[in-house]
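Here the chain labels run A, B, C and D in written order, and each chain numbers its own residues starting at 1.
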Amino acid sequence: MIPVAIVGASGYTGLELIRLLSSHPIFQISAITSREFAGKSLSSAFGFSGKYGDIVFEMPEPESIAERAKGVFLCVPAGSAQEMAPLFLKRRLKVVDLSADFRFRDISLYERTYKIPFKAREYLDRAVYGLCEIYRQAIRDAELVGNPGCYPTSILLPLIPLLKEGLIHKEGIIADSKSGTSGAGRKAENYYSFCEVNEDFKAYKVASHRHTPEMEEKLSDFAGEKVQIVFTPHLLPINRGILSTIYVKFRAPLERIYEYLQEYYKGEPFVEIMPLGAYPRLSEVRGTNMCKIALFEDRERNQGIIISVIDNLVKGASGQAIQNMNILFALPEDTGLPRSPLFV
Amino acid sequence: MIPVAIVGASGYTGLELIRLLSSHPIFQISAITSREFAGKSLSSAFGFSGKYGDIVFEMPEPESIAERAKGVFLCVPAGSAQEMAPLFLKRRLKVVDLSADFRFRDISLYERTYKIPFKAREYLDRAVYGLCEIYRQAIRDAELVGNPGCYPTSILLPLIPLLKEGLIHKEGIIADSKSGTSGAGRKAENYYSFCEVNEDFKAYKVASHRHTPEMEEKLSDFAGEKVQIVFTPHLLPINRGILSTIYVKFRAPLERIYEYLQEYYKGEPFVEIMPLGAYPRLSEVRGTNMCKIALFEDRERNQGIIISVIDNLVKGASGQAIQNMNILFALPEDTGLPRSPLFV
Amino acid sequence: MIPVAIVGASGYTGLELIRLLSSHPIFQISAITSREFAGKSLSSAFGFSGKYGDIVFEMPEPESIAERAKGVFLCVPAGSAQEMAPLFLKRRLKVVDLSADFRFRDISLYERTYKIPFKAREYLDRAVYGLCEIYRQAIRDAELVGNPGCYPTSILLPLIPLLKEGLIHKEGIIADSKSGTSGAGRKAENYYSFCEVNEDFKAYKVASHRHTPEMEEKLSDFAGEKVQIVFTPHLLPINRGILSTIYVKFRAPLERIYEYLQEYYKGEPFVEIMPLGAYPRLSEVRGTNMCKIALFEDRERNQGIIISVIDNLVKGASGQAIQNMNILFALPEDTGLPRSPLFV
Amino acid sequence: MIPVAIVGASGYTGLELIRLLSSHPIFQISAITSREFAGKSLSSAFGFSGKYGDIVFEMPEPESIAERAKGVFLCVPAGSAQEMAPLFLKRRLKVVDLSADFRFRDISLYERTYKIPFKAREYLDRAVYGLCEIYRQAIRDAELVGNPGCYPTSILLPLIPLLKEGLIHKEGIIADSKSGTSGAGRKAENYYSFCEVNEDFKAYKVASHRHTPEMEEKLSDFAGEKVQIVFTPHLLPINRGILSTIYVKFRAPLERIYEYLQEYYKGEPFVEIMPLGAYPRLSEVRGTNMCKIALFEDRERNQGIIISVIDNLVKGASGQAIQNMNILFALPEDTGLPRSPLFV
């Protein structure tokens, strides 16, 4: 067993880590922290039963935690993670950071995007972007992983291989994404109250979401030149799931693109290219670490349309974080990660 | 046209009053108040279009409002209403108070229930409980109406006639009620956040809800002796609607009870006794001022079961408030109040 | 009072017509038809209370209906409407057809799209496309209106004025639309069952939806040349509402486009251009005949983004049908049509 | 590995069995059957990924299946199961039947309740009612288990120990239950279509649900005399979960009852008695095999109130079926069964 800790465990990604780790055969949760719930058990605070029902939230004291863990998941806000990660790295823990702090290669881009100074410069080189299927090789040698954003996961998985191979145009990419409300985290705001989300639907942060620079940096890296992406997020009245409808211009016939992508992700446990004509649904990935991708073409209008679905709390956050931790500890990458959905 | 004002108009009952009054042919909204949104238009604050989109929230200053209105709806918390109502009454406005302040005949019961001292004693005699179909006669002569609670409306309408007529036993009454989340008001709390209500269901305030004393006072009045009611409220993951499943012991055959109740509510525009065997649904009253009531019997187990449905924001709050105001101003009682539902 | 009939009244658009007409001061429903529910009252079949609760569904016999009505709403499938409309027109009724049969100018386009031969050729010239704000003048002189599709209503209202004025490019238009499930009608199919829609989200008919040709015909008419639109519909787990996110290339600064559109729709009761920066929500139009439109620009990526919202059952169907009937009978266009939403 | 088959695998309980068995370390699915989907893979029919994505539905041919399995789950309608079970039992498979066919001790009660003749009389003695925590001893020696109904599971777990111990009165028991819509199965009916369940709530089969006789038989067995229960089911607009609010008369102080029940279920992995004052929520058991039980008392009105929650598809069906199969094969009872919830 490998002991791991979760810092900031009382948010939705923290609770989802606990759910997933409850059936992980190797990682054993040794500590969970929460300022708000320190002293309370997981059972009394959130009604969790099972393996970790009796574990008690503690204050986030890195020194104490480091003594009891070999790996740590950081579920803290951007800005805090860059302060905490070094404390754990110094004590030789592997760190998977679910915040945005270590996602960027370009520090100034991070600072402009998040309006936060980046102070952990000496650790930047050790950080790898944790989109497992794409950066696997680098993650293996890393100590610190910047777990990707939920939207970027759903968009980069289909786009990176196609851009790299030159199968789509670098211009005119539009991603129209729809996310379940858990993506906003556990928040007491009117905007996210039941009556104002239920039976409603709305776009937000049009042309200004912080995941756009994250995606553009990665896309540009693989395209070999600057790539832009128009990104529009929307809030779905459901708990979990992201569906991204991505508009691109194909540079090859649909069938060729389909074959390439299928070949590219062949053998990947968590990425599935759907048969042409099939439609992905959020229910098919609910509770799983899967990303399902479907390709369409409007031939008459010369438009490629890619649709991808993930569970934002799993492949879009906690599941991918465990996948990264699996890689960091040289475990089989799919250890403890579900692929069969709660279909209803 | 009769000018009316809404004090505390930025909550859900306030906004529902505005929606309903938008198609009221006689009442004209002359002022809406909100400390939070003072200075903002209804359109900019809540995206309302239509007749009142340009009306601007103002601070709740009774003197100014009283000059511009003949009737006032109080949508303020219990405790505040008893302070404001006298200011309007002195200026000869008719007042419909949607809080609990003027619902009780027994002041000490109110004070124990709400933990608030009752200070408007001299106005108590002028206040009438605004369950229109039952207290109509008294409301006609009143200046001040205590609009009933949402749960009590759904429970008292079937029970009062039956108790009064001795058709059900006074003992063993249980009301198991389920309410949409708008009943909790516009609130920024985790407990009411989308992800924690959606796909969930829970009881709350078991044996301790403040609507129990309100109901028991009224039931006892009509029964001529003390009547108790066990009341269990639950939170439904929907916006609107209350369904109450009420367990009683019949003292007459089902058919006789059915006939009595149908006769009792004959000609009432807003109360409908469903044919025996038919099931009421929340969708049949959505957006309307209707209360639909169905009677069942488990003969083998000697149990009467009454099911009633209302839209908690309409018959359970703002619609009944307008019905009361209609009575206060001697208008036809159904003026401006919808009966046809948004079926989907 | 003007008597009107609804043929095919047991579907969601029929029931919504009944709800809306319940508070219409001039139109009086004289007949409702339904093969499935013939002989049953609206109250017994759907639990409707109110003005029309006792009206009884009858079989769709045009001759009998024509004697009792001056206007008729056809809520029947494409193919049936073109057979029924002439029967009513011959008897000098005004006809608003909610199906697709009379939406097209180009018969062959209709036939290719709906795989149905068009047989009512002699009536084609009398039919007008019922997008009221755009075709008002022609509707006034018409006897037969082809009520627009729900998606087209949400997309054409913002696009037609801009294309006509040359403020957006004719190329590269993409509409990513999301619709509530009532748009599919009252259907007993697994695909639309609660458990398979709830907490799910999915695209459908990518590059193959029948509303695309409808939109392209109208857009091309106003652009003066062939215009194509890439259209992707999605199914939202809510009852009502369409939000369309439309990607266009602006040919003028955002502010100029905003001013133009605001001027264009000035005084329109049912179209509202939102202040720059404001986001439309479905809840702001729920139950109303409004279309709200917001304009955004991703300046860095040179992309215009237009977001529009309607209630698909009101402005997208039954509300606009009544608006058309109002015009046909020279009534004030907003007669009996709500603009204030059920905010929750 | 122990090979098991699922007959009738394309319904919701079948799909949930597949999800749960995907992470079961011992049971290996060797065959799934479905007349509707025979020849299709689980992936192509329902989009399942993971371990069993490629498994293909076959026609339900017991002989062929029996050769490849040691245990079989029957997810077929009542009436069919009694025909199939013997075919498997003869071939020495262990059978867990999720239908009602083998739940009853009293055949005539079954026949009256389900209006189906009971033909498998010779197998009745070998069948055990599969409420694991109560009938564990008998299940160990059985070959055939009648898996309990979903509602009975939620109601019997709290009531049986209390009745047996004489801690509650045998009279006046009322269970007001609310179930998610998956309880109705995968059905193409208007009644269960999205728009008619969403934002709605309704009671059904009042005083006539078939789970009442099932419960009364078991309760009476433990009470030692005839016990009746008034049972009212309701349909919740959510996918999963049952909450039962049970009204009983306590025969001992609340604290004593609490201690007794806690002691009774001590060490049980799947039953949890909540601390006094705590409220159970469906979200706390979502996706898990847990039953959580809370006790309340309305002292002033002398009423005991018990609230229990389960996931109807897990502890109420497929999870308990696996728990039973675990017992039948002498595996640790909690093998492969989740206890940590999808909290959102």
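As a working rule, a contact is a pair of C-beta atoms (placed from the backbone, for glycine too) under 8 Å apart; a residue touches a chain by one contact, two chains touch by 3 or more.
Keep in mind the model is a prediction, meaning the values are calculated, not measured.
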item	value
Farthest chain (mean CA position) relative to chain B	A
Which of A-B and A-C has more C-beta contact pairs	A-C
Mean-CA-position distance for chain D and chain A (Å)	35
Distance from the mean Cα position of chain B to that of chain A, given in whole angstrom	46
Averaged-CA centre spacing for the pair chain C and chain A, given as whole angstrom	39
Overlap residues in chain B, where contacts from two or more other chains coincide	12, 182, 195-196, 198-199, 237-240, 280-281, 283, 344
List of chain C residues in touch with chain B within their complex	12, 15-16, 18-19, 22-23, 44, 46-53, 182, 199, 239-240, 272, 275, 278, 280-281, 283-285, 287-288, 290, 292, 313, 338-344
Of all residues in chain D, those that touch chain C in their complex	12, 181-182, 186-190, 192-199, 237-239
Residue ranges of chain C in contact with chain A within the complex	172, 174, 176, 178, 195-196, 198-204, 206-207, 228-230, 232, 234, 236-241, 243, 245, 247, 279-283, 286, 296-301, 303, 305, 307, 344
